[in-house]
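For clarity, chains are labelled A, B, C and D in written order, and residue numbers in each chain start from 1.
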């Protein structure tokens, strides 16, 4: 590739009650970089970039865009050209149009997801060693996006062959088709995962924690503050990815994963790990089954050109809920 | 009282496959003090007494007895007299009749549970500082018994008024009746808990862990060894008792709780904490609902005189499964 | 004994800058029950009694008194009589004389330490499940006092034979004399420890933490807030007591131990563990040697009658700093 | 650069008693991939490559080589050419000459350190999810090398300008000269660090742990097995790198760091963090001063051509032991 996508960078979520959202994410331990009446910019404790989560108050909950950071302005231009050559309509946002972010472009990716790329984001003071600011689950940094898409193989092929992502683990379903895949640019398990399902939808945004106790602390603090019902699934261990996980629903139902575990995937000779969809040995490594809401509910996404909700499609693979719980 | 019951001491469980049970409890991190073809004596890492869990191979799974340690032989005699005066038939086991345990007596308590008292147990080397022996969930010591009984108030009144137990927390049900109660002699949340239900049955034996991470480690090790399906509930936090808990089912279905949290209950001015059975705010502090098996299944108990299973009775309070999950 | 001492209850320390002290103990994670210009009442997260640490602003740092809680007013009277019969001058403080504490009496104990007994302290709301208030090292409850005394054996004999304490562990020094001893009423390793040294002085007050990570978190938070130099020793593991420990010096140099580990000492057949003072195998279980300040510096104590500092005496055993580090 | 160095890959250490070394590293929690009479191949729990630490029994303790993994055979050839063009004598080891490793070349780098590059290493089964094999400190993967070199700036410039490393953090000393620098290829704090000192010597090899409790567990297990004296420094928190660290000396005195903390350094706009050598605020974040041995002692290194020990040089910057403790 002549361009270098570095990592998942930020998500922009529409929320219906900014104050309620601010309170929730503050309880979780996010740092508020800045905010005004209509939006709040949040980041994790180790993040030196301005934000990794931007919440905008709107009438309807939705995903505005998921964003990746590329190495340089030159990478950005080359990537835009490549995508246009592949038939995509690209929408540029010039420097100054978005707070704290440099030039960026958005488009609807092969799965219909609203995706943005940028090379520069304002840097701010890192709070990593201000332990007196740590609270809740002590959210450390953005880790990944997880999306429901109707055709996982199509997304898998494009991101690997055309965009240079690598696969760490995947789930094989009917007729050996890929039911779900974990893809990365940074050498962790993933920057983005695709799961077979009604889509395109955002299943969750994953944030990385420094250790398992931060996740337990997060549960206790959230419960103390009345957010017990927002805990949807976990804590538990995923077989796939080895993550110690917790899934939360924010006040608008957007799903956040708190995530610890992971491993280094830097090596070209790392062989993607295959899991069978229905192999009972591949279930959640330990702990309970996921609730139905975890399989059925997700955040709808917007068209980057029209700002309308993208129409949902049924998934190509029929089985929506595996015995194997991702 | 003229006698001093110190603490819950041991449980004797009948298991149907001693080898399978030994493997399971070894994985959990118990220390095997000794064993022969028909029984195995297990203890936790800090225990200086010979055992806190005795498994005997028999044809049918059952609880043979739950045992409390009293201060001295004199306390033992006084307690036996008191119970006989109250109309109970007491069965003495002289020194030498039971391995590692001194004189003891057994009787069927007010709830029909098989209960034993003893003053002396052989002491052995404590493994607390042999950290190279720590494994699994690093079980540290016995903590409590939890029993389903048909009439919780009757048990509550007898143990408090006649035997000198104190109540740390309780759940109030229909017409302000006590639906469940946590009673202690040692200054922890409990040595024994009674829950309204078909009984008398043993719901679980609880073992104390040194920290929350030992519980997480226990989940991972058990799952690695194929014991994932033995994890019935948790990890989670109980509102009542504040315990960080995990419930396991051993190969015969006996339920074991791994337990960390607790607090000191030494003070006479500690006021028992009341929880409403159906108050939605009193549910499991965070995490998932308990599975039905947790409410419906328990270990049947033996008559100390006949060695027959004790006949089960329906509970006095009708509601068996609260919204409030204990 | 005809009286029942329940546990170590509180310490009263004189500090020279109340604001500086408030800030330090707040950073550590204490809950402030109440305060005025001249004093602050602090407690741990699980404590239902009004306070376990009372700081009074005075011109000179000192220990005013260490206090034990007894079971009832009757126990208090019997204990006072016993001590008077043994030749001690007892000073009564009637109800109302001290904030939040009932009738109490003070005297200079056999080592010259200012000791107080009381049966009642006002109860307040426990913060155990308000995890959103947890911070710093999340101090949970008072655990013990540790004192330097010139004659450990004298203190040991009186507390065990006359006051009903039990010994969990001890260090044997020259000619088999007891160099240090850990004594308890509640079934933990100790309510009070005596170490051979220039005294009577208060070496430290120990507070119990719920788990090892709270101690690590405490280090990070204290360091972030500029209290790094207040960390005197640790984190490390004591061989004796098995405690995972951290020693801090407050702004006046009073020493606080954060303490996690411990074990249950409820049983009359628990045999006190003997450690040799100079056995190299008995050193700090792992980690560094204690700094000299830990051996040489301690808090001077007041006479309960004159409010003057108690004159210091040289220890009976010559060796002040063992190879064995307690 | 036309070549891509992926990460630090392995170290080869000479030890004088292979059995003693095997026992030590086994206690630490390394997985033994294979061994014979003269060598043992070790790896961490998540490593899918054959080994990250190779111990060879020899008469004298020494570092044979530190090795980096490159992306492909093509990268390997280009890198060798570049180094030869820069005047370095390169020694090739063809496939089959070294167990489990493909073609490789070695040379003496700009600091005189023996360095190896390879593209391929045999893959083996990852043990990440066999939690029943976890023990000791549960060593997860190799993280970095730390070396004493006489001229840090020279090494810094060559590795950054010529080999494509990036700097995460550095210490500025006399006249603004770089006293120490942390350089990385994988997006962590470092693959290699250089510290001003008598050299070239290997200061330590760092291994990554999954969480802080694994480090505490490691201390306890090592101490239980008699390895307490092998704990040289820690546990503590580095200000620089934010690592929660423990330094151990193996039976030959080779230094191993157990390391947890770190952060993601993927971004080109991450600004290297500057620390002043003597700023008292930059000392160890909390905890004790490092012992003198930590500053003075290190492993001598071999010449890759002659197998003789490389002659040591005095450092260019005079100050060897900063107030600031790295």
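Basically, a contact is a pair of C-beta atoms (placed from the backbone, for glycine too) under 8 Å apart; a residue touches a chain by one contact, two chains touch by 3 or more.
For reference, the UniProt names are A, B, C, D = 3,4-dihydroxyphenylacetate 2,3-dioxygenase.
On a predicted model such as this, the values are computed, not experimentally measured, just so you know.
Q: Measuring centre to centre with C-alpha atoms, which chain is farthest from chain D?
A: The chain farthest from chain D, judged by C-alpha centres, is B.
Q: Consider the two chain pairs A-C and A-D; indicate the one with the greater count of contacting C-beta pairs.
A: If we tally the C-beta pairs in contact for A-D and A-C, the bigger total goes to A-D.
Q: So, what's the distance in Å between the C-alpha centres of chain B and chain A?
A: Here chain A and chain B have centroids separated by 44 Å.
Q: Between chain A and chain C, what distance separates the C-alpha centroids? Give it in angstrom.
A: Computed from C-alpha means, the inter-chain centre distance equals 50 Å.
Q: Whole-Å distance, chain A centre to chain D centre, using C-alpha means?
A: Taking the mean C-alpha position of each chain, the two centres sit 33 Å apart.
Q: What positions in chain D touch 2 or more of the other chains?
A: Answer for chain D, listing residues that touch two or more other chains: 129, 211-213, 220, 223, 285.
Q: For chain D, which residues count as touching chain A in their complex?
A: 6-7, 46, 48-49, 69, 71-72, 120-121, 123, 128-129, 140-141, 186-187, 210-213, 239, 242, 260-261, 263-264, 266-271, 285
Q: Taking the complex as given, what residues does chain D use to touch chain B?
A: Touching chain B: residues 27, 129-135, 211, 213, 217, 220-221, 223-225 of chain D.
Q: So in the complex, which bits of chain C are touching chain D?
A: Residues 212-213, 216, 219-220, 222-223, 228, 231, 233-235, 237, 244, 283, 285-288, 291 of chain C touch chain D in their complex.
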